[in-house]
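Consider the two complexes below, in which chain A is the common component and chain B and chain C are the respective partners.
What follows is the complex of A and B.
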């Protein structure tokens, strides 16, 4: 009886493992296939991009060369636009961190009365989808003369990233003992000193996580970038990539090569700070 | 270090916020500087032509022009946002605006009346161009010119001669009437498949998005006698038995080849560019296209341009009589709220001088047609008999009969196109198993609802 049960149990475990492997394989293929296809198309000539061949027909780095040298007319300011994406991404990350940490410090460490209301009110902004606010934002930026100015996109992105930042920072800071602040205060430290010398260093994992989140949010932004910015030298890369898809003849190989190059910086950033990022996000998640 | 109390910190923050919000709103645009939004061209030369012309106008008129070139759908989205908040550019050229935005914007009194601009060249414009630009303003209760006709396009068919020949046919075997023409490519597919080639005979979009699927449906509709779907007085004709029959036949004729496997299955999700790509990849033998851009893109490859790609206009009706082409007229508009209406009108008046229009349109490689017959008459470029494509497009758009898109008669039809009602009806047949009659009935119900919103 026991032997038979053991055999059945082993068989069930084996079947379970096979199932897990099968499912994992399907998911892996499902996830990687589009990425493979992007690479395949980027390595083919324009005429071959729709070929049904699984492997690139006469693979060549020609499309990457075109992007690097900006020799295709839609890509003639590609590096300029890459710089715009960087500028907007870095400023958004910096401002989100600055506003988020200052707000969370004020609410959770200086214990202002009804501070929780501020956090909840900020989170309420997520009830309205980002796209619904496009027209009001466009109007506000127009009134302040900020259309066609990267500051407009920065302002919008910071607005959307900050509530989440405050929430995560507040949750994370709950894990930092108050005794540290009190000890510093007894030693004569002012609130700014506590903020810079105690609070910020201990918040490092959360700062990395939220900084990366804010940077990626603005890096991939299309709607507000195209709505608020105009002109080849001011727009970001996603807006230019969108221009490839409206002609009667889309050079998919250049589009894919540009997309791959554009994806490299966030990938490097993500894998560079991955460990710290997980720490920051999970810490924020378990404290309530 | 000075001790900062909580109260002092909060007062500081409050003061900063007050100072920030107290900033007086100001506009980005300098007074007198013309803001122009222009639809991106398909070729660099097309954009360059606009940029050069604007720079020249700037010099001649001592007025700064701030030109922004955007892709087609983005122009419309951005313009809607701009009109909503009242911060509009001075001049906008939108290629699909005639179908998706301009008639409704005119109805809602969101556009400047540009009659004086149109009048300056009225004798030059074709009749269809003038009809398309004359729209009804429900607020002011008048019809007037709310767009300046800029360029035209109608549906053409691109065919691969080598594939037709590989199937054992000659170009002279391609039939000239509606049903026989489209059936022919099914036979070509059968022949090619028997040789082991996985090629589709027909390559048209079946997707309920963008413009291609709607363009083809409406050309079919006219071909089968449904031109009266909206009458010139703006009345909906969907209950007219001839129109209803034409709609049903059109849907049947479009969906049956798809169901039988003569159209690539992926066409259910094709964007406007995908039929071109499938054609270039020789996955399809023929494809309908709103312009001659397929051939024009291959102009630098003489073998392809002159020998292998054939351009044909819409076939004759099944009765052998010519069928009018549905002619789209891309307008240039001045949104209401423009701060430089006079300069904007001066710019447009200059732009629509036949010589200027001709120079610009030639840079599009004739992808778009002039809206003035004299341009074609006076410049042999347009009718060059050595060119196998351009004269075909000119013939269809400027010589043979044309009809305007129906939103010129009633802006409700612009909503019909925006909602993709007819491509959706085709999807109801191919995806939900409806009959053509049921799909037409459902489409008709929604169209009637939309028309109720636009009663004069």
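What follows is the complex of A and C.
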């Protein structure tokens, strides 16, 4: 009796581990196939790109050399474009943090009377699909005289990153005791002093999460950069990657090598601050 | 300004008269100063909202207010197909993705180092920027030299299907790309939702002799239903505005047969140079978008689910 039960138990465990093994393999293949394809193609020479190989036959760093030395016409200003992407990302992160913390400090710590209107404004922005405003945005930036100006792209990114920042900041600041503000108040601290000396230092983890979020959002942005930055020295990397497809026969190996270099900074950042980002992401979800 | 009111009431009741008046005067001073500070603090956000949300919305509605562009749009043979594509994209892309994410989040609840490592790898599609991935999927699915058909050729010595050269397969490829890119994100969200469920509930279910399936349908599902609904609505809105997947996997082809409203709007506005027509294209999504926005805003406000 017990022996049979034991055998059944063991069989169930074996089945379970086979299931885990099977599902793990499926997940790995599913996840890694397109990523393997990027790496595979980036190591191929032009002739090999157009072949039936599954694994690289003669891996070569040629495509990466071309990208590094900027010797292909679409990649002539590649490093300058990486710089542009960085510049826009940093400015967007900074502005998002500044505007977001100020607004959420006022709504949740100073408790202004019409704070709910601001929260609703943020909610509304958050649920509008970004791309649906691209057409009017293009016209408006023309009116402001900001076409082909990084400021236009920065404005869009900040607009769409701030609402999320405000939510997370509001939820995070709920965990900071109000008594701190009150004590500072009694000691005669003004709102800016409370903001800089109490609010910001205690919000540090949320600032890291949102700063990273804003940086990645703008690093990854294609549509607005494509529409608002028409050419010359202000273009960002994704715009160039998009241009490869326009020609008849795209040099896929150069494209994939450039794509890898472009994908490395966000990967490093993401895996570096992953815990904090997930903390920010899931902070509110838990309450649902 | 609750900060001051809370300190203010006990003082008013206990202190003597002269102290109250001088204190009150000082407090009135800080009140006014606080209001100015509050105003200064929210001004940047209000300015951004007015200049870059309200103004574009108003301008967009004006651009799309010409009946002639709607007549042109409805006479365009590409348009009906685009609407059907958009609906299929939302129906399959969003629902398959979220259902898989719900199931997978249960798998990632398992303990042990392997699950942790697997989750790290599994998050890659979300961490890699969209463009490299979508471009890679595009080339991977190339009918002649793509990785998938190369594998099929090496394994079975037959030609794989031309994935991106027929309407149905190309649309399916776009949906695949969308699911691939966003599955990790939603799995993570559901994982957080599952972690918030008290373990005692599962222990109680164990005591009552519940099977794993019963635990899923009778404990997990009812507790996650609200969250699942909010996620479905939010994901639908985001997918409705998704431009990159279609643009870089199928490019809207073959023969303009896989456009969705977001990409067709951009095409009409910029490639055909008619912003009125482009805006009209996008605005025909409003009958779907407005109810979703209203429902979602109500839900988000009430349950404080933030994603």
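The rule we apply is simple: the second predicted complex is superposed on the first by the 265 of 288 C-alpha atoms of A that agree within 3 Å, B and C clash if a C-alpha of one lies under 4 Å from a C-alpha of the other, contacts with A are read in each partner's own complex, and residues count from 1 in each chain.
Following the convention adopted for this analysis, a contact is a pair of C-beta atoms (placed from the backbone, for glycine too) under 8 Å apart; a residue touches a chain by one contact, two chains touch by 3 or more.
From a predicted model like this one, the values you see are computed outputs, not experimental measurements.
**Q** After the alignment on chain A, I want to confirm one thing: do chain B and chain C clash, or do they fit together?
**A** Aligned on chain A, chain C clashes with chain B.
**Q** In the superposed model, does chain B or chain C contact more residues of chain A?
**A** C
**Q** Regarding the shared-chain residue A:275, is it in contact with chain B (first), chain C (second), both, or neither?
**A** The answer is neither, since A:275 touches no partner chain.
**Q** Counting only touches as set out at the top, which of chain B and chain C does A:9 meet: first, second, both, neither?
**A** neither
**Q** Looking at A:106 after the superposition, I want to know if it touches chain B, chain C, both of them or none. Which is it: first, second, both, neither?
**A** both
**Q** Determine, under the contact definition given at the top, whether A:231 touches first (chain B), second (chain C), both, or neither.
**A** It touches chain B, and chain C stays clear.
**Q** Looking at A:145 after the superposition, I want to know if it touches chain B, chain C, both of them or none. Which is it: first, second, both, neither?
**A** It touches chain B, and chain C stays clear.
**Q** Name the contact category of A:245: first (chain B only), second (chain C only), both, or neither.
**A** After superposing on A, A:245 lies in contact with both chain B and chain C.
**Q** By the touch definition at the top of the document, which applies to A:69: first (chain B), second (chain C), both, or neither?
**A** So A:69 meets neither chain B nor chain C here.
**Q** Identify the partner contact of A:135: answer first if only chain B is touched, second if only chain C is, both if each is, neither if none is.
**A** Both partners.
**Q** For A:193, is the partner it touches chain B (first), chain C (second), both, or none of the two (neither)?
**A** first
**Q** Which of the stretches 27-35, 81-89 or 297-305 of chain C runs into chain B once the two complexes are superposed on chain A?
**A** Among 27-35, 81-89 or 297-305, the clash with chain B belongs to 27-35.
**Q** Hey, what residues of chain A end up touching chain B and chain C alike?
**A** Residues 49-52, 106, 110, 112, 134-136, 138-139, 190-192, 227, 242, 245, 252, which sit in both footprints.
**Q** Give every residue of chain A touching chain C within the complex, in rising order.
**A** So the residues of chain A in touch with chain C come to 20, 23-24, 27-28, 30-38, 40-41, 49-54, 98-100, 102-103, 105-107, 109-112, 118-121, 123-125, 127-140, 155-156, 158-159, 162, 164, 166-168, 171, 178, 181-182, 185-186, 190-192, 195, 219-220, 222-223, 227, 238, 241-242, 244-245, 252, 255-256, 259-260, 262-263, 266-267, 270-271, 274, 278, 281-288.
**Q** Per the contact definition, I'd like the list of chain A residues that touch chain B in the complex.
**A** 46-52, 73, 106, 110, 112, 134-136, 138-139, 142-149, 188, 190-193, 226-227, 230-232, 242-243, 245-250, 252
**Q** Could you list, by residue number, the parts of chain B that touch chain A in their complex?
**A** Contacts found on chain B: 1-4, 6, 9-10, 23, 25-28, 37, 40, 42-44, 47, 68-74, 77-78, 81-82, 84-87, 198, 271-273, 276-278, 280-281, 283, 289, 291, 293-294, 297, 367.
**Q** Where on chain C does chain A make contact in their complex?
**A** For this pair, the touching residues of chain C are 1-4, 6-7, 33-34, 37-38, 41-42, 44-46, 48-49, 51-53, 55-57, 59-60, 63, 104, 107, 110, 114, 118, 120-125, 127-133, 135-140, 144-145, 147, 150-151, 153-154, 180, 188-189, 191-193, 195-196, 226-227, 230, 234, 237-238, 240-244, 247-248, 251, 262, 265-266, 269-270, 275, 278-279, 282, 285, 289, 292-293, 296-297, 300-301, 303-307.
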